[in-house]
Amino acid sequence: MIDVLQHVVVGPFRDIGSNPAFFGEVVIGGILAGMLYSLVALGFVLIFKASGVFNFAQGVMVLFAALTLVGLLERGLPVAAAFVVTAAVMIALAFVIERVVLRPLVNQEHIILFMATIGLNFFLEGFGEMLWGANVKKLDVGIPDRSFMMAGMQVNQLELSAGVIAAVIVAILAVFFQKTRIGRALRAVADDHEAALSIGIPLKTIWVVVWSVAGLVAIVAGVMWGAKSGVQFSLSLIALKALPVLILGGFESVAGAILGGLIIGVGEKIGEVYWGPLVGGAIENWFAYVLALAFLLVRPQGLFGEKIIERV
Amino acid sequence: MIYREAGQFKTTYASDQAIFPIVQDRVVVALGVLAVFVLPTRFANEYWLQAILIPFLIYALAALGLNLLTGYAGQLSLGTGGFMAVGAYAAFKLSTAFPSLSIVIVFLLSGLIAALVGVVFGIPSLRIKGFYLAVATLAAQFFLIWLFNKVAWFVNYAPSGTITAPSRTVLGVTVTGPTASAAARYVLALVFVAVFALIAKNLVRGRIGRSWMAIRDRDIAAEIIGVRPLRTKLLAFAISSFYCGIAGAELVFLYLGSAETLAFDIGLSFLVLFMVIIGGLGSVLGSFLGAAFIVLVPIFLTNAPHVMGLSLPVAFQKQLELMVFGGLIIFFLIVEPHGLARLWQITKEKLRLWPFPH
Amino acid sequence: MSARASIVAAVALAASLGAATPASADHEIVIGVQCDRSGPDATVGAPLCAGFRDYVALVNAGNGVEGHRIRAAEIDTESRVPPALAAYERLRGEAAVALALYGTQIYALAPRLAEDRIVATAAGWGPADAANGRRHPYVFSVASAASQAAAAVGFAKHRLGTLKGKKVAFVPDDSPAGREPIAVLEDLAERERFQLKTFAAPSTGATMATLAVDLARRYRADFVIAHLAGRAPSLAIQELARVGYPLDKVIFFVGGSAEADVDAAGGRAVADGYHGLEFAGVGQEFPVLRAIQAMYHAQGRQPPTRMASSVCYNRGVVMAALQVQAIGNAVAARPDGRIIGDDVKAGMEKIRGFTLGGLTPPLEITPTDHEGGGRLQVWQVKGARFVPVTDWFTAYPRVIARHVTAERGAPSR
Amino acid sequence: MSAAAGAGVLLQVESVSVRFGALMALSGVSVDVRAGEILAIIGPNGAGKTTLLNVISGFYHPSQGRIFFEGRDRTRLRPPDVAELGIARTFQNVALFKGMSVLDNIMTGRLLKMKGSFLLDALYLGPAMSQELANRAFVERIIDFLEIQAIRKAPAGRLPYGLQKRVELARALAAEPKLLLLDEPMAGMNVEEKEDMCRFILDVNGEFGTTIVLIEHDMGVVMDISDRVVVLDYGRKIADGTPDDVRTHPAVLDAYLGVTHD
C-alpha cells in the first residue's frame, strides 16, 4: 500500500524535480496545445452564448475549413486568395446552416438542436471529404517548423507562433464582444432572446453572424492544427478534446474557454508524461474527460459559469 | 377497408391497455413473429443472415436499450459503445471461466454487469443534464475502451488481445463459435430481441415508463408527483446498459466471432444513436425500424448504383453514406422527431381509413 | 417522398439485395483482396489493391493459370470489422479460395477461415503467430510481427555497434496488435542487455507531440522502433523530427514504411534518414512491375499513378503473386481447376525459392512455417529517395521460433 | 363555503424566510392551513406567492423558519418526500408531460399509489397487471369527474391551454392528496372555463374533503370560493383573514392601489 502511494504520489514529483527543464518543456507543450484547444472551444462558446446551441459540429467545421483551404492552395490559388475564399465558404456555410438547420428548429429543446448538430457533423464530414478527398494533406503556411533552445528548454517555432496567433485571436474576440455594437448585441441575445428581439435585433442575423465568426475561428484553428499535424480526419477529433475544456470552463464563458483550454492542455500533458506510465500510457483520450468530470461534480456550472438556479 | 377497427369495442380497461388493441394488429404481429422465426432460417442464404439479419437484430437490441435511456428517460448518452463493450468482455470472461454455464445465462449476467457499470456512469446524471451529461457519457466511452484495451486480464492474456467466442450450445445446437451456423445464431439473437422488446414495451407502458417520461418531459413536475430523479435516472441507465450489454455480448458471440476494442469505438455509439433518432425517439418499434434502416442504407448505396447501371467510386459511397445519415438526422429532427415509427403510424392511420381520404 | 419515388426506391433496394447474392463461378477462380478505399487505412488499401488487381490482370492477359481465369473481388472494409464480415460471407458464397487481408480484420476472420477452409495472406500486419502454420493453418503471413521485431533489433545492433546498456524505445499502436511484439522485444532486451521502454501511442493518433518529447528529451532513447499504422506513422515521423530526434536512429515496422507515410509527414526532406522494414521491394525497377507497365502500354493506357506508391503497390503484387503461385500448384494437382481452399493451402505450402525477380525475399513456405522464412529488408529515405541499406535478412531466428511456436496464451475454447 | 373549515391545522408555515442572493423573496412569513379549508394567497406580482408554494413543495428550502405538516417538522424535505406526505400541486405555467397522452399524464399522478416489483412490471403479469387496471379505473373516475373523457388519448402537449390546466388538476387529484396547492389555476381562462374550474375546486374540496391552497389574481374568484385569504406583499404577509376582513384591510388596499409604504 505504502509502495503504491510512494509510486503514485511521490515518484512523479521526484521525476519533475529531477529534471525541471524537461518539466518546463512539457508545460510549454501543454500551454501551446491548450491554446489550440481554447481556440476550438471558443467556437463552441460563441455559438452557445448567442443561440444556446451546443454545436457538436464545431470540430468538423475546423476540418472542413482546413480541407477547403488546402484544397484551394493545391489548385494553385495564392495564399491570400485562398484565405478569402475559405472565409467566404465558411460564411456561406453559416447562412445555409441558419436557413436549413437552425430556423426550422428555433423553438425546440436544446437537446434536439444538439442532436441536429451531430447530424450536421456527419453530413459535413462526408461532404468535405467528397469535395476535397480523404488523403492526408500537407499544409504549409510559411511558418518554419524548427525548434530552438531557450533557457535550456526546447521550443518549437511553429507551435510558438500558433500559440501567439491563438492568443491574438482570443484577444480580438474578447474586444469584439466587449466593445463593438454587434458584440454587445450578441451578448444581449445570449442573455435573453425576447429582450434582444424587442430592441430590434433580428435573431437570424445574429445567428448568421455568430456562426460565421465561429467558422472564421475554425479556419484559424484548422490552419494551426493542420500546419502541425497535417490536414486529415483526426482534426475533427480535437473537437472531442474541446468538450472537456467546455465542461471545465463553462459553456458560456470566453474566459472559461481560454483558461479551461490551458488547464486541460497542461494537465493532460503532465498527466500523460508523469502519471500515464503508471497505468500503461496512452491515457490522453480520456484523461481530460475524467479531469473535467471530477471538476464538474464539485462545480457543475464550470469555472466561470453562473450558478444555475432552476426556475420552477 | 382491410384495416378497420369499426365494430371492435373495448369493454374492459385490460383490452384497452393491450399492446395491440386492434385484432388485425394482433393477427399480423403473431403471423409476423412466426414468420421471422421460420422463414429466414429456411430460405435466407448465409449472406443475408450474416450480413443483414443478424446485425439488424443485435443493433435493434442496442437501439432499444439506448431508446429507453434517451427516448423515454430523456438522458442523452454517447457511451453506448462502451457499455456494449462491457457486455462483450463480461460474456467472454464468464464463458471462458465457467465453460459449463449456459450461454443464455452468460448473456444475462453480462447484461447485469453492464447494468452495474451503467449505474456508476449514470451517477453524474443527478447533477448534470443535457449535453453536459452527453459529454460525461463520452468519458465513459473513452475510459472503458481504454481499460479493456489495456488490461490483459480481460482478454485472458491472449497476445493478440482479441476476445473470441468459444463454441457453446443451446439445447444441443451450437450457437456460438466458428462452427455455429448462421441460422442458429440468428434464432438465438431473435429470441433475445423478441423477449426484451416485449419487456421494454411492458416497462414503458407501465409505472416505470411513465416515471421515465415524466422526468424527460418536465422534471420538476415529476418530482412533486413523487418521482425520485436519481433513482429513476439510474434505473434507466441500468436497464439501458443491460440491453446494450447483452447486445454487445451478442455482437461478439453471434456476429463478429472475435473482436477487439476497436469494434466498440465511438463510431458504434453514434451508429446506435442514429438508429434511435431516425427510427423514432421514445418508440419501441422505432428502434427496430432505425436499426433496419442503418443496416440497409450502406447495402443499398453499395448495390443500387450497379443495378441502375452506374458505377460510383467506393470512397464516394462512404462519403455519401455519411451525408445521408447526417442529412436524415437533421431532416427527421425537423420534420418528424418521432422518426420512422411515426411515419409508420401515419401510414397505418391512412390504411385504416382507406379507401376514404378521411 | 412521393409514392412513386418510394416504389422506385423499394424496387432498387430489392434489386440491390438480390444483386448481393452470389453468382456461380464456373470457369473462373475467385480470390478476394481487401481494398480499404475509405477509412484511416485508405493510404494502404488503395495502392495495395491496385497492385493486386494489376498482377491478376497480368496473369489473365496471358493464359490465366493453366487456362483458368482468376477473378479478384474487392473488399472495402473501411478499416472496420463488420463490413469485412459481410464481404467475407459474400465471397464465401462466391466460393473464393483465397483472400488477401491486413489489419484487425484478419484477427476477426481467422477462426472462420479455418472453419470454412479459405486461405488468407496477411500483409505484414496480422497475428504474430500467423507464421505458425499449426496455429493458423489457413493464414499465411509474409512477415510476422515477431520477425519484424527481431529484424528491427538486429538492425539497431548493426547501427549502434552494440546494444549493451543502450536505451531502446518501442512505440506501438496502443492496440493488442500493436503490443504483440513486446514479448519478443523483452526477450531480446534481456539477451542483448539493452533497456526497453514502451511508449504506447493512442490509436486515434490525434497527436504524438508529448510522446516524442518524452522519448527524445526525458528517456533520451538511443534507438526507436515503431509499430504503427494508418495515419500514426506520419505523425510520429513529424513529431520526432520536430523535437530534433535523429531519424536515422528510427526504424518502423512494415505498417509505417510506405511513401504515403513519409509524404504525409511533410515530405521526404523532413523524413530524411528514416528507416523502414520491407517485405517487398520498393520502387519500380523489378521485372514483374515492368511487365505490368508493358501490359498497360500494350493496351494503349498509362500505368496507374498508384504504382508510385510503390511500397503498398508492390506488396499487393506480392500477395497476388503468392496466391496465383499457390493456385498454380493447386491446379497442377487438379487440372480441371475445381480447386477449393484446401488445395490452395497445399499449393501455398509447396512454394519454394519464390522471389518474383527480387521483389520478395526467397520464400520457403512449409506446413509449419507460414511466413516462408521471415526475411526482411531495411530501406532508408535518403536524398528524397528510398534506398535499400541491407539485403534480405533474418535476425534471432531461435527467439522468433520460440515465440511463434510456443503454445502460450492460446485463446481458450 | 366549505363544510370542514375550522378543523385542526394541517400545514404550519412558521416565520419562513427565503433569500436569493441579495433578494429576500420571503421574510418571516407564517401561515397556518387548516384541514379542509380553501385558502387563497393573493398579492401583487413578485410578492412571493409562488415562492411560498415552492417552499411548501420542497423546491426551495427556507433560509430561516420551519414548516410542519400534520404536526411533524418537514422543513428540509425534497419534493418527492413532500409528495409522499400527501401534498400535490399544479404550476403557474402548466407543467404537463407534453410527450405523453392525457391518460398517461393522469396515471403518472398515481405513481405513489402504485407499488410493484420490477420483474412483474417487466413481464406485465399478475399483480402488476391488476394494479395497472385498478389504477386505470380510478383515473377514469377523475376523468369523468373533470369531464375530459373525449381527450383521454390525446397528446397533452397539443391541447388548448384551458384543457391543459384541467388535465394538470386531474393529475394532481390522481394522487389523492391531503393538501392541494394550485398556482393560478384560472390564469388565462375565459369566463366559462373559470366557472368550470371554480366548480371543480369547490367539488374537490366538498366531495373529497381535500384541503386547498391556491394563488389567484381574480379577486372575484378569490372572494367567492375561499374560506380564508392570506395577502403577501414584498415577501411579507400583510393580512390574513376571511375574504371580507381582507377586502377592507388598509395595507391590502395600499398594496393593490400601488401606494408605496415602508
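Every chain is named by a letter (A, B, C and D) in the order it is written, and numbering of its residues begins at 1.
Here is the rule we go by: a residue touches a chain if its C-beta (ideal position, glycine included) is under 8 Å from a C-beta of that chain, and two chains touch if they have at least 3 such contacts.
Values in this document were obtained by computation on a predicted structure and should not be read as measured data.
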Original post:
Centre-to-centre on C-alpha atoms, which chain is most distant from chain A?
Top reply: D
**OP:** Check B-D against B-C and say which one is joined by more contacting C-beta pairs.
**Re:** B-C
Original post:
With chain centres defined as C-alpha means, what is the inter-centre distance between chain C and chain D in Å?
Top reply: 72
Original post:
Approximately how many whole Å separate the CA-defined centres of chain B and chain D?
Top reply: 41
Original post:
When the C-alpha atoms of chain B and chain C are each averaged to a single point, how far apart are the two points in Å?
Top reply: 35
Original post:
How many Å are there between the centre of chain A and the centre of chain D, using C-alpha atoms for each centre?
Top reply: 47
**OP:** Mind pulling the residue numbers of chain D that touch at least two other chains?
**Re:** 59, 91
Subject >> Overlap residues in chain A, where contacts from two or more other chains coincide >> reply: 134, 280, 282, 285, 310, 312
**OP:** At least two other chains touched by the same residue of chain B: list those residues.
**Re:** 150, 220, 315, 318-319
**OP:** Sort out for me which residues of chain B touch chain D in the complex.
**Re:** 12-14, 16-17, 199, 202-203, 205-208, 210-211, 213-214, 216-218, 220-229, 282
Original post:
What residues on chain A touch chain B, complex-wise?
Top reply: 54, 100-101, 104-105, 108, 110-112, 114-116, 118-127, 129-130, 134, 240, 243-244, 246-247, 279-280, 282-283, 285-286, 289-290, 292-293, 296-297, 300, 310, 312
Subject >> Interfacial residue positions of chain A with respect to chain C in the complex >> reply: 19, 22, 25-26, 29, 33, 134-136, 138, 145, 147, 154, 156, 158-159, 228-230, 232-234, 237-238, 241, 269, 272-273, 280-282, 284-285
Original post:
In the complex of these two chains, what residues of chain C are touching chain B?
Top reply: 12-13, 15-17, 19-22, 35, 37-39, 42, 74, 76, 78, 80-83, 85-86, 89-90, 92-93, 104, 107-112, 114-115, 127-129, 174-177, 179-180, 183, 203, 408-413
Subject >> Residue numbers on chain B that touch chain A, as the complex places them >> reply: 74, 76, 124, 127-128, 130-132, 134-136, 138-139, 142-143, 145-146, 150, 220, 266, 270, 273, 277, 315-316, 318-330, 333-334, 337
